[in-house]
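Following are the structures in question.
Next come two complexes, and both contain chain A; in the first it sits with chain B, in the second with chain C.
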Partner chain A sequence: MAMIELSHIAHTYEPTAVTPAYALEKLNLVWNDGGTYALLGPSGCGKTTMLNIISGLVRPSQGRVLFDHVDFTDFPTPKRNIAQVFQFPVVYTLMSVEDNLAFPLICRHVPKAERQRRVREVAELLNLTDKLSKPALKLAADEKQLISLGRGLVRNDVTALLMDEPLTVIDPQMKFEIRRKLKKINELYALTMVYVTHDQTEAMTFADTIVVMNEGKVVQIGTPQDLYNRPQTTYVGYFVGSPAMNFIKCTIDDGKLQIAGGAIPVPPGLSIPAGTENLQLGIRPSNVKLGTSRCEQSLRGTVQRVQEFGNYRVVTVAVKDELLRLKLAPGAEIPALDTWVVLPEDRICLYADDELLAQK
Partner chain B sequence: MLKYKHFFLLPGLIVLVAIIIFPLLFTIRVSFSSWDVVKPGLDWLGGKNYERLFVDLRFWEALFKLSLMAAGSVLIQYLIGFSLALLVWRDVIMKRFIRVLFLVPMMTTPVIMTVIWRTILHESLGPANDIVRMFGFEHLTWLSTSGMAMFSVILVEVWQWTPFMFLLLLAGLLSLPKEPYMAAAIDGAGPLRTFFSVTFPLMAPISAGAILIRLIEASKMMETVYVLTSGGPGTATETASYYIYIRGLRDYQIGYAASLSFTYLIVMIISLTIIAKVMTRKIIRD
Partner chain C sequence: MMRTTYLLLKYTAILIWSSFVVLPFLWALTTSFKTAHGITSGATYIPWLQYEPSLEGWKVLVRTGGAGINIVQPYISSMVVTVGASLISLALGTLAAYGLSRFTYRLGFIKNSDIRFFFISQRIMPPIVLAIPFFLMLQYFGLLDSIIGLIIVYIALLLPIATWVMVDFFNNILREIDEMATIDGCNPIGAFFRVILPNSLPGIVVAGLFCLIFGWNDFFFAFILTFTKTQLLPVAVVALNSSVTPWWSLSASALVSVAPLVIIAFVVERFLSSGNMAGAIR
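Presenting the complex of A and B:
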């Protein structure tokens, strides 16, 4: 249980280059004690680098790593009280499940009786008790990943559990089961948990706070609801939510938003500085409605395509030169061709130069 | 039914028949004849050559000495090769230069290098004994006593072929995944524990492959013995292939040498298959 603070951290893998490319650009971040966090972003955005900096596997080019306000930057990995689970399950191939789980305790010279007690406790939590005597190599991928996790939990000095895309090689039906176990572990041990993923569903269902990253930068930090309802940048809008947020170019004229040949009122409380350019309206597909007649918030469009996804359907509507996607209930009635699309004003986000405009 | 596509196999098949199948079958046929320098030709002797071979202690001793020298030299090559590969695996200064340096013995001509080794180990003229004396020891009988001669053959084999082992094992080390090492660091394992818990198990399949390749090569050990000791002193370092050479190409007992060759082939196939099976089964099971 620890608060982890990354202070002015930046990292490059080519420190001797004249103009080094930074895998992680300068940032400050605080991971609160006992919180569950997800690091979300595409491959190569710096998620794993950040995780390895916390665990000490990578020494940052700049900045300090603090655990409970104590500087741990120069501390080697074993002294950091961190457990880490990697993308591919790591088991010690010549050992049994029991020896695998006991390995971190053997390395730390924990007495045998205490070791056995801890191993049995963790094995029970992870449903591995009946497999303790089996060779670890013989287990399935999800069970091997549980062993990797168990090696972290078996230590009583662990304050934070870092997971680097731990469910990538796990079958979909097992993913749910392991995520449930992770939640249980968080409740039981109150560990600070950081979960790296590029799967937004995993991030949304696991974490209380999500950190969205792109190209070595933190783009937004917030709850799953924040990220969904108020994406701070168009990138977050595209990356979070399925289908992605709709973005339509617009201008302000006559106090109204001029969009794709139509006009709707500017949402209340929005202050748009004069001379603002590259204005875009953003709205989630689930927030766009189909209307039967013209209203103040509606635009005229033509239904182009309907895609069925079982529990919902996605309708693509062309509004002049722009395409809008709507996420509707499976039984929703869809007009044959021409229709009205309604953009509720309380659901609209406005972006200038890809950044969300503040709302009072 | 033959289709025209099968005729594309012909070039390969012809080569195979010409260089392997025919010589093998011919050797088997010759082994049942009394073909020698006095009476060359394919007569029929029945199993007499094999009866003679069965009680020919010199042949069985040669096979035993071969196994001893092959197993000894390959084991030492593995240990030294693995150590050198571990040394230059991670970042060390002049890593590339050292890697190339370690490979130099493999690039030299084996027979020439054995001649040089024979000169070095020459008991009165060679520098090896000068060095031994420099340290205050009695001069060593490098090539003239049984034990030392066998040691010398192993020494030259190790010098010549350790680089090959080093190369295979280094390639294996460089292809290992990083995650197990990160996990071991997080689990708190020191360098020794990391080696025995991570590196060695991960390298087991590559080690087995490297050892098998070298064992197959070493089972043909001949030129080192021929140049360095000529099988001596007496027959102390005589290997199976060297004994077959003596019987076949020095004494011209072609029929008997053919039976020796065929028996040697069968023994090698059986023993190397067993070794390969045992090693791979152990790896797969683990």
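Presenting the complex of A and C:
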């Protein structure tokens, strides 16, 4: 186990091109020992490339990969002691489940008795004990994926466990179960885990720290709460949380935020540099409230649509030309047409050119 | 009604095709047990009733001296040359194919696909183009009329086939399997031998079968590059012919020539189903 550091890493798949397109733009990132991380972003944003750089399947065009401050950039994959689980289960079809699990130990010349002991231990953890003698080919997709995972866990020299959208082929019911097992493994072995996904729920429920990526760049690194409450960019606001964050254009005039035909006070502690343009107010749908009367924080609007989601309802309110979405409890009372929407000042985030403005 | 018509058409088609394949063998089988008299006295099919069976056609093949040619030695030579060349071609071809499938080579403007085409182009050329260079080279090394010389020539002929078939096969094995094996601790060579090769058995069987068929059936180079010391089966069979065509011994030799390939086809048939690979991933 080790701390993994990506130092000035950048990667392009077309190194000979005159103006190469970068799959991963220059970044610095540290994965602490024993942490659970999620790499979250849309398809093609560079998540898998980053994972393959850590495991050594891809050599970065620039920068260095350090394990515990030691440069591993030029070390081949087998020497890195990384375990990786791919999007689709990869099992050695001609081998039994037991041989599949033992394979990494055979490659590392671990004595037979020790090998058997560890295979049984991992099989027990993953509920595969009764299937050990079966051919791997005969198993269902989720069990195959458990084997892929098991091959990573069976080694005791693993630096980190990297998972590349490992639950894509798994039934929803099993997804929950496997995620629970992963959490348990993390607690048991204090293994650094990096989990690539484009599903925010998976990322939020699995990881302590989430790295949001877009178009080859790291957009924000933070806890699930950070990402939810203080998205650093409007992109994160859109991408994380369901429904997405509300963004409304606004200007500053008379010391107040001029927004959708109304005005509310500027949140305290916010310093807005003079000449700031493209100002946007961001607020989570769950933080917007319905009011019965006018107040300092409220805007006048008209209820346009109510969508039921079972455990919550989403109300769309038109405030002049802008649409605001509110996430309310299922039984919440909703006025027929005209209403007041309240934007609590401690929940407001202000963005200039899509970047969050600092707040003291 | 539709179903009956469909079945009727299906079985008729199968019957016609089977007759097309099997009847020549039946003809050869009956002819091989006939004498000159039995052949010239019109079409006959049932032994003892229509013609008197004779083992003459078969005896000629193993007799030394007198009429006919002993095909035992050519048979053994053919087997040694074919099996030897096929095994070496398969070994080299599989390695070459893995390289072409998994690694990127670039030599000036030459890329993987060009190297691959270069391999196949060896088979597009008419064999006669190669005959003189092969002859001169073998002569230079003193390998004319020898088993070793023939094996070398046959490797040159079979290697493109083995490579071609195997590149296609490896391209269909997902790279994730190699990557997984390297993550599990294998170097690229280890990944190839421990994981990829066992999974490639159906491909190797197909490539091997092609090599055996092409090698075993080659007449052209076997004829040009041998004289007296070494003789391969196809040449020996042709040498059986004389001014009076000995249909009986020709038929018998045709049957023994084709026998090894038929046996191999039956043995390896179960490996040929592509389903063996299904489920390796996903």
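Assume the second predicted complex is superposed on the first by the 360 of 360 C-alpha atoms of A that agree within 3 Å, B and C clash if a C-alpha of one lies under 4 Å from a C-alpha of the other, contacts with A are read in each partner's own complex, and residues count from 1 in each chain.
By our rule, contacts are C-beta pairs under 8 Å (C-beta built on N, C-alpha and C of every residue); 3 or more make two chains touch, one makes a residue touch a chain.
Computed from a predicted structure; not experimentally measured.
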{"item": "Room on chain A for both chain B and chain C (clash or fit)", "value": "clash"}
{"item": "Which superposed partner A:339 touches (first chain B, second chain C, both, neither)", "value": "neither"}
{"item": "Touching partner for A:78 - first (chain B), second (chain C), both, neither", "value": "both"}
{"item": "First (chain B), second (chain C), both or neither touched by A:234", "value": "neither"}
{"item": "First, second, both or neither for A:88, with chain B first and chain C second", "value": "both"}
{"item": "Partner chain in contact with A:169 - chain B first, chain C second, else both or neither", "value": "second"}
{"item": "First, second, both or neither for A:36, with chain B first and chain C second", "value": "neither"}
{"item": "Partner chain(s) touched by A:55 [first = chain B, second = chain C, both, neither]", "value": "both"}
{"item": "Chain B versus chain C as contact partner of A:135, first or second or both or neither", "value": "first"}
{"item": "Contacts on chain A seen with chain B and repeated with chain C across the two complexes", "value": "55, 57, 76-78, 82-84, 86, 88, 90, 92-94, 103-104, 107-108, 137, 148, 151-152"}
{"item": "Residue ranges of chain A in contact with chain C within the complex", "value": "55-57, 76-78, 82-84, 86, 88-94, 103-104, 107-108, 137, 141, 148, 151-152, 169"}
{"item": "Sites on chain B touched by chain A in the complex", "value": "177, 179-180, 182-183, 185-190, 193, 197-198, 201-202, 286"}
{"item": "Contacting residues of chain A [partner chain B, same complex]", "value": "52, 55, 57, 76-78, 82-84, 86-88, 90, 92-95, 103-104, 107-108, 135, 137, 148, 151-152"}
{"item": "For the chain C and chain A complex, residues of the former touching the latter", "value": "174, 176-177, 179-180, 182-187, 190, 194-195, 198-199, 277, 279-282"}
